[in-house]
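In what comes next, chain A is part of two complexes: it sits with chain B in the first one and with chain C in the second one.
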Partner chain A sequence: MDSESKLINLTIDGTEVSVPEGTTILKAAERLGIVIPRYCWHPGLSAPAQCRMCLVEVEGWPKPQPACVQQVQDGMVVNTDCVEARKARRGVIEFLLLNHPLDCPICDAAGQCMLQDYAHETGQLRRRAVEAKVVLGRDHVTPEIVYFADRCILCTRCVRFMDEIAQEPVLQVINRGHKGYIDTMTDELFEHPFSMNIVDVCPVGALVNEDFLFKARSWDLDQTASICPGCSQGCNVALGTKENRVVRLKPRFNPEVNSYWMCDHGRREVVRWGAGMRAEVPLVREAERLVPADWARALDATVEALRGVEGGAKAIVDPGASNESLYIVRRLMDQVGFDGGSFRVSSGPQQVLKGFPKLALREDRAANASGAEALGYGRVDDIYGAVRSHRGVLFVLEEGLDDAPEDFADGSALFVYIGSVLSPAARKADIVLPSPSFAEMDGTFTNFEGRVQRFTQGLRPPGLARPIWMSGSVVLARLGGGEPFTSAAAAFAALAEEFTAFSGLSYEKIGLTGAVSAAAESGATAS
Partner chain B sequence: MAIGVKKVDRPEVGASYLRATLKGMALTFKHLVRPVTVAQQYPEEKYELAPRMRGTHRMAVHEDGRAKCVACGLCPTICPANCIKLIPAEDENGERYAAVYEIDEFRCIFCGYCQEVCPVEAIHLGVHYEAAEYSRERFVYDLERLCAQDHPFTQLWDPEDPASE
Partner chain C sequence: MSDAMHAAIAGAQPSQRAEKNPDAPLFEGVYKERFDSILTRYPNKRAALLPVLHMAQEIRGWISPETMTRVAELLELTPAYVRSVASFYTMFALRPVGRYLIQVCVGIGCDLCGAEEVTERFLELTKTRIGETSDDGKYTVVEVECLGACAFPTVVQVNDQVYENVKAEEVESLLKELD
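After this line comes the complex of A and B, so read on.
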């Protein structure tokens, strides 16, 4: 906040507050914890003051004022919950509900719908209109987004998102009054890499994602703070989970990374998670066969095998693995002689969100390539070439090995596979340590600009899968590397001590919005 | 005796039971010639049940036989016994419908909340109590069975005055 700007004193609902000049009544009220009902106002968009839902009474003024655009003035006395304001709101809701189908039972937004909330709060009990409702039907606006015209309240949040943030003004309000609806000017559907944000900004259930349509009720979902693993941007997201499955991703506000937005690519990735044959129990090779073992035996076997081995250690890691996992593998490799680790990153075209250029779908389509680099792994194109002539230990962390050549690990004395998916190539391992997938554990990712961000566990891991910071640190301890870690936070603390890219950071400091380590920050400013 | 044992005077050995026997036989004879009909000949005769009796469920159907359920998920949400399983899906007309709708009648406590909460008056309790089955699995009623039930709907409120005004 600008310290030079003048402070204005006003009274809202009997409480005095001072805010800088130019603040709107709505923002000033929020400081007092008073939420003025609104539809068209969204914190990330401009305020057209067209829904008229935020009308409040200003004492001495002839008419109620829209709080979302009316700036504060000295000595103003604002009432947000008086008879006049409530009457104005009730009138607005009555108009909005004139042609609303009231199909809450089958609407995806039920339970998170602002129209539902405010109609309950201030609306009338009964409909006074006797005319039949106008029925407009539904249509696609993009191949993945369905528009229910009857539910729409024409707040134009979606229109303004496309205008101001996506800067591709394709949506318009067509017609006026009760015939009004949102559509593109042409008959064609539009496509935009950030189009699904219009579903998020929609305050009612007019714009819904077809992937999620009818899948779950909003109150059935558990929300978990997480990070989108789709690219190196590291958008802050909330996982909506139901019955141990992720059914929805919603952006979580973080002004430094993604504001209120995220790209469609990340949301589409959700359905791919947890696919494939999961590794559920530790496997140990005995007489040429992989046999299931309990953790005690698997860890014994790992310690035993690592003790006698020679020839150093190489690793193939996945840049989607967490910093903690990468760190433990690095430490394991150090125990037998670090001989280089490599990873590959799938890439795609970069797509910047024009209205918020900090956010882009990055070229690196993996969450933690920066973290892997900071921990000493090298980015290569051919991950198998580097290990072909290797004679020592080979660690593979999370890498799917989908295109692995038959003999890529034949030369290595010991092949340890640590991961959540058991591909045919992973079955060639001597020891398989099952680990949870990304949504099933705690951890951190480092995004493209060195920002370390935490994700938290939203799902139960299958079978006996355990995070590698847990199982791997037991092996480390027995090989003489100190105490096993008792939490992901402890693993991160050890990591922060050892690697400068993470120095000074801890889970507490990172919080749920992320932090950049002092070392990384000074390095960034120097370069 | 601190706990107050009552001492019963037993009849002495050799006392006559004749008087008591005759008294009993007289009562038997009375019922023989003039029977009192309190016993009900179940199952030939059935109870007349109150319209508000809350028994096993029944799903209302449209004229074409489709269940009225729109799969809104309110009944599994409100169910205190957690006995309703619902998986919604989209049908060929783009409408929401219940792909799976099962009620476990063993778990059900017949509170009637599901009927009360239903926005489309689809799921109802029924005036029905004869739910015996040969296997436990048969007590999980699926949608087909719920639709096929034909006993009367329970009336949780007076149809003349639904809002109790």
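After this line comes the complex of A and C, so read on.
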């Protein structure tokens, strides 16, 4: 905003406020903490002023004004909660509910529905209309999104998202009035890599994600601030969890990374992840068999095995592992002689969101490839070739090893597998340390542009699974002295001391929206 | 077919001389000239959508999805947008209609003076239901809001011909007159 721009003084609900010229009444009211009811207005979209829900009284003006587009004027006196404004809102609500099925008990949006909220706040208790309601039915608009036409209030947020942000205007309002509904040109479904944002922008339960349909009530969900692990963009998200499962992902606003949006790929990945067998308990090889052990025994065995081992240490890591985990594995390797660590990244076509080009589904379909690189791991195509003739210690962190060759790790003196799922190759390990998924622990990812972002724990890890920054730091302490880390923050602090890509950063500085280290920033401007 | 209409009203006369051939080529020959002259009336192509749709209906009798797609191409719009506009206005037929589109006014004046009986009689004689086309493809009966001739109820418009003071008992002779 131009600091030179003129300030306008006005009064909203009896409180004076100064805002820059050109501000709308709705925005000015937000400065005072007054939320003017709205449907069609969304902060990420244009304002068509068509739902008429934000009508407010401006003293001395003949008609109520739509707050979402009416700009402030000097000396304006605005009332958002007076009789006239409430009457206007009540009228809008009555019309919206005229043909609404009132099926809240089976509606996915119940509990997070703006129609429910405002009807409760300003609507009337009883229906005056005696006519039968118009029934329009429901249909898919994409293979994963169902449209309930009867619940739709025709705010056109989804139409404008596809037009302005996706820039593929496939959705339109068809017919008019009580017969109006949202549809594409043909009866065919449309597909777009960012289509599920239309579910997020929908203020009611008209557009719902089939993945989530009838799975949970919104008020039963716990919300956890996290980072989407689907690609190297690192979209800020909120995990919606229930009964120790992630049931949905919603984008969390971050103007630097993903604004209000995120792609469909990330949502699918996380919700569908974790259905298979999990490693729940440490395993130690005894007489050719992997035997379950408690952590004390597993750590004893690890310390014992690492003492006096020769041949250096190599590692295969997964670029979806957190910086803290990658760091501890790096430190463990240093103890026995770092001999190189490698990772591979699965890739897919890049898909840019045209209306917010900072955001794209990136080619690298892993959250932390940049972090792994910053911590000294190398990106390779053939992770198995890098360790083929290795005779020393082999660490594998989170990499699934699904396509490992028959003779994988046969020559290594010690094979430690740290991960959450056990493939046949992982079962060849001498020691297995079960670790949680990203949703089950605290940590950080470094996104494609070097931005370090925190994710927080939303789920209980299964069984005895513990993050490697915790268990590994105990091993480190016993091998080389010092204290084990008691939190991910402490592990990160040690990491930031050691690696310049993280220098000056701490959990406090990163907060919940991420930060770029001074070193990384100057490096970026220099290159 | 000559076209002597002034550019300002060209295309605003719906199905007066409709060829009503659903497969007729769109905007060729004389229609191409009209199409071009419509475009000159507006600052951009999008603004020409309504008159162009009217002309398309005049040529083909109704607005099919193929017609919408073609119009979208010509006016550089998305097909969905054209469908949105075409479906907003009831004067565009989004399904094939009979050779005679019988529009019975059910505005308040006509309604009070027996529009319902007139509609019933039309449906009875054409053996159709509202909006359906008779088996011989000749008739489609629809109810419309005020046709703007409230002093002469009931008003009935068949294609572009307006009939005033229609009584239920006159419907039969009106239909005969059409053939």
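What we mean here is this: the second predicted complex is superposed on the first by the 525 of 527 C-alpha atoms of A that agree within 3 Å, B and C clash if a C-alpha of one lies under 4 Å from a C-alpha of the other, contacts with A are read in each partner's own complex, and residues count from 1 in each chain.
What we mean here is this: a residue touches a chain if its C-beta (ideal position, glycine included) is under 8 Å from a C-beta of that chain, and two chains touch if they have at least 3 such contacts.
These numbers come from a predicted model, not from an experiment.
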When chain B and chain C are modelled together on chain A, clash or fit: fit
Contacts of A:Gln124 with chain B and chain C, given as first, second, both or neither: neither
Partner chain in contact with A:Ser5 - chain B first, chain C second, else both or neither: neither
Which superposed partner A:Met185 touches (first chain B, second chain C, both, neither): second
Touched partner set for A:Val173, first chain B, second chain C, both or neither: second
Chain B versus chain C as contact partner of A:Ile106, first or second or both or neither: first
Which superposed partner A:Ser506 touches (first chain B, second chain C, both, neither): neither
Angular separation of chain B and chain C about chain A, which is computed from CA centres of the superposed model and rounded to the nearest 10 °: 90
Partner chain(s) touched by A:Gln73 [first = chain B, second = chain C, both, neither]: neither
Chain B and chain C, minimum CA distance [Å, superposed model]: 27
Doubly contacted residues of chain A, that is, touched by chain B and again by chain C: none
Of all residues in chain A, those that touch chain C in their complex: 169-176, 183-186
Contacting residues of chain C [partner chain A, same complex]: 65, 68-69, 78-84, 87-88
Contacting residues of chain A [partner chain B, same complex]: 104-106, 110, 138, 213-215, 217, 219-220
Touch list for chain B against partner chain A, complex: 70-74, 77, 88-90, 94-96, 119-120
